[in-house]
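Common to both upcoming complexes is chain A, partnered first by chain B, then by chain C.
The block that comes next holds the complex of A and B.
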């Protein structure tokens, strides 16, 4: 299991903010962790999937999309902050993401 | 069959288009006249540029993706081997589209509809092509749900059937082959459950949010009312009317149909309008526990199992296939037949 450091969190946050600023054509300063992806940015599931592909490649992650799909159904993401937290969990746990639910 | 056109730019049309990009297909995307084509093209361009930059696609793939035609003119699909329509659930609209395409597109092309509630026979032309029409019902989000309901009509030829099976294999999608009597089987199974859930709410045992919470903590990863609000009250209503069309006894479905009609009349169309069965964003009111929740859960579980068994028997789908399909549909770890499959 990967260890999430403060620098990983900063890096992930930066990538997510830049991604949505470019994709949704909004100034980065208008995005914060409370920004609602659908309501404020008109985002969709395709953006979510593209982000996952980017992080899979960047951190060389071993995770199947269906694992993320199952996790996301139970833990829907509404805000940028929630999306960052989910990406960090994916980086940390990869294919063992669903074990979190089995523990709870 | 590798020249494929997707028609429609909604959630399903765009989801299909972006999913199919990952495979070795010659893709074309036909958007409606109302679509903002400039925005769609720009978004596509940004996405493939980002993918190249992030290294998630190769240079070769990038150049082949740049060749994709995105247009509002259905003429661009004239050489296609397969056309998948994903436009709104409206029979006259779909009929009009396919009649137009029938005269434009090469005769060997197979027509497929991604409809979630309308059988292919009701919308396709009665021309020479009637042996090349099928239903291909993908689920949202396309990239995450590995399941397709493949509906054949009595006229679908064996060559069209094999071509679609080959196509679905190429795009790595598991499928159930269904006749039109048993089409949309996964939604029909869930529909029985939804009706039973609303009956319990109507009897005053709990409210919609409490019921959803109970379902989420005991049965499925999502609640039924939240599900309907996300699909859209108007879409749900039209779909249920299509599913139950011709049923000899529809009274079982009345509680749900009546409620959906009332919500639609008030303009409460679900998530997209900020209110349907529930309000969005959800009200911050703590949920009280439901008395007798154990027996309600068990009743709902039995309702679901009985629908699953009934529809599996009617459709002659092997239990191992149905088990897999249901796990994909609901996002379940274990299917209902898990203990009986050897």
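The block that comes next holds the complex of A and C.
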């Protein structure tokens, strides 16, 4: 299991903010962790999948989309902050993501 | 009593321009939009020309479609969505003031243009770029319209069918506003080689602007065009009450199948004649009322011969007094978009009293002897006009419009 450092969190946050600013054509200063992806940015569900692909490549992650799908059904993402938290969990746990639910 | 249906918004994106007025000006000037193909290397194609939409379209599209959505659309879909937004703006409709459940979208879509020349296709967007329902879907999303939205594919008659269905929905009280039209481009090597194999396309590559010559003796096939035409149809009283500009009224239509051949029209234009006859009957107008026919006029041997025969069968001696012109002489054949584009041109002809010409009419076919409005636009006060569309597979449509 990968260790999430403060620098990882900063890096992921930066990538997510830049991605949404670019794709939704909004100034980055308008985005914070409480920004709602659909309501505030007019985003779409595909963006979540694109983010996963970006992080899979960047961190060379071993994780199947169906694992993320099962997790996301129980833990839906609405805000930028929630998306960052989920990406960090994916980086940390990869295919062991669902173990979190099993523990609970 | 049936409700009446009017056109309150229109837009054109074609090889002759990126706005309704630019197109109209060039059509009336008898200009050709046909040039050498620039989208790809044509060395393997017998046909090397097409009527391509100018490159300024990209900037126009960016001003109308968000980057995020544009990334999930083909260039063809972007043409249709951009044209739809311009038509809605032209109509002055504010959907906030309407019941969106009574507003619909019907588009003629033969294919979405996700071909080998399409840029930016990825595994993530290829499904959206290939969905033939994507054009009406994106338009309904843009305005959050919740009436039915769907695509119609009847080959070259697709957007004429869309117009007929939109008219019918309003007339029957199922909708108050219907955005209808189509968008298409088959300017890609696969389609050109395919149509070349059927001997359907002109190979008169030089000079390109002379290649499309409907009703001429030396016509040698159609020239592919690309573009989009979109209209806003509206219930007449509602449109009048909000002070909308009324371009023309849709008076009726006929849709028929020939049940004859996948490619060739029925011998001697029998199927075309039946369609025109039924359209006149449906609209409740007589042969004496018709002041102009915007022909399907593809510049192929069979279409132009049979369409001429069909007009003569329906109108008898009167046929010689009706101006018949082919917009495809200038715009090429825009396939799924052609029915809507040509209906828009017909509506403008009614509204403005000017008939755009058939250009390149230098060497008349002696067997085809109607008044094809040769080479120059003509002023004429028209009260009722027809727009014909006939597609591979025997899909026929004739739309009747009134001033």
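A few points about this structure:
Throughout what follows, the second predicted complex is superposed on the first by the 104 of 104 C-alpha atoms of A that agree within 3 Å, B and C clash if a C-alpha of one lies under 4 Å from a C-alpha of the other, contacts with A are read in each partner's own complex, and residues count from 1 in each chain.
In this section, contacts are C-beta pairs under 8 Å (C-beta built on N, C-alpha and C of every residue); 3 or more make two chains touch, one makes a residue touch a chain.
All values derive from a computational prediction rather than experimental measurement.
With both complexes superposed, B is the one of chain B and chain C in contact with more chain A residues. Of the two partner chains, neither chain B nor chain C is touched by A:32.
In the superposed model, A:58 lies in contact with chain B only, and not with chain C.
In the superposed model, A:42 lies in contact with chain C only, and not with chain B.
By the touch criterion defined above, A:66 lies against chain B but remains apart from chain C after alignment on the C-alpha atoms of chain A. By the touch criterion defined above, A:50 reaches both chain B and chain C.
In the superposition on chain A, A:23 makes contact with both chain B and chain C. Comparing the two interfaces of chain A, the one with chain B and the one with chain C have residues 23, 44, 46, 49-50, 53 in common. If you check the complex, the residues on chain A that touch chain B are 19, 22-23, 44-46, 49-50, 53-54, 56-58, 65-66, 68-70, 72-74, 78, 98.
Here chain C touches chain A in the complex through residues 66-68, 72, 124, going by the rule given at the top.
Only residues 23-25, 42-44, 46-47, 49-50, 53 of chain A touch chain C when the two sit together in their complex. For chain B in complex with chain A, the touching residues are 11, 14-15, 18, 43, 46-47, 50-51, 54-56, 140-141, 143-146, 216, 221-222, 281, 328, 331, 333.
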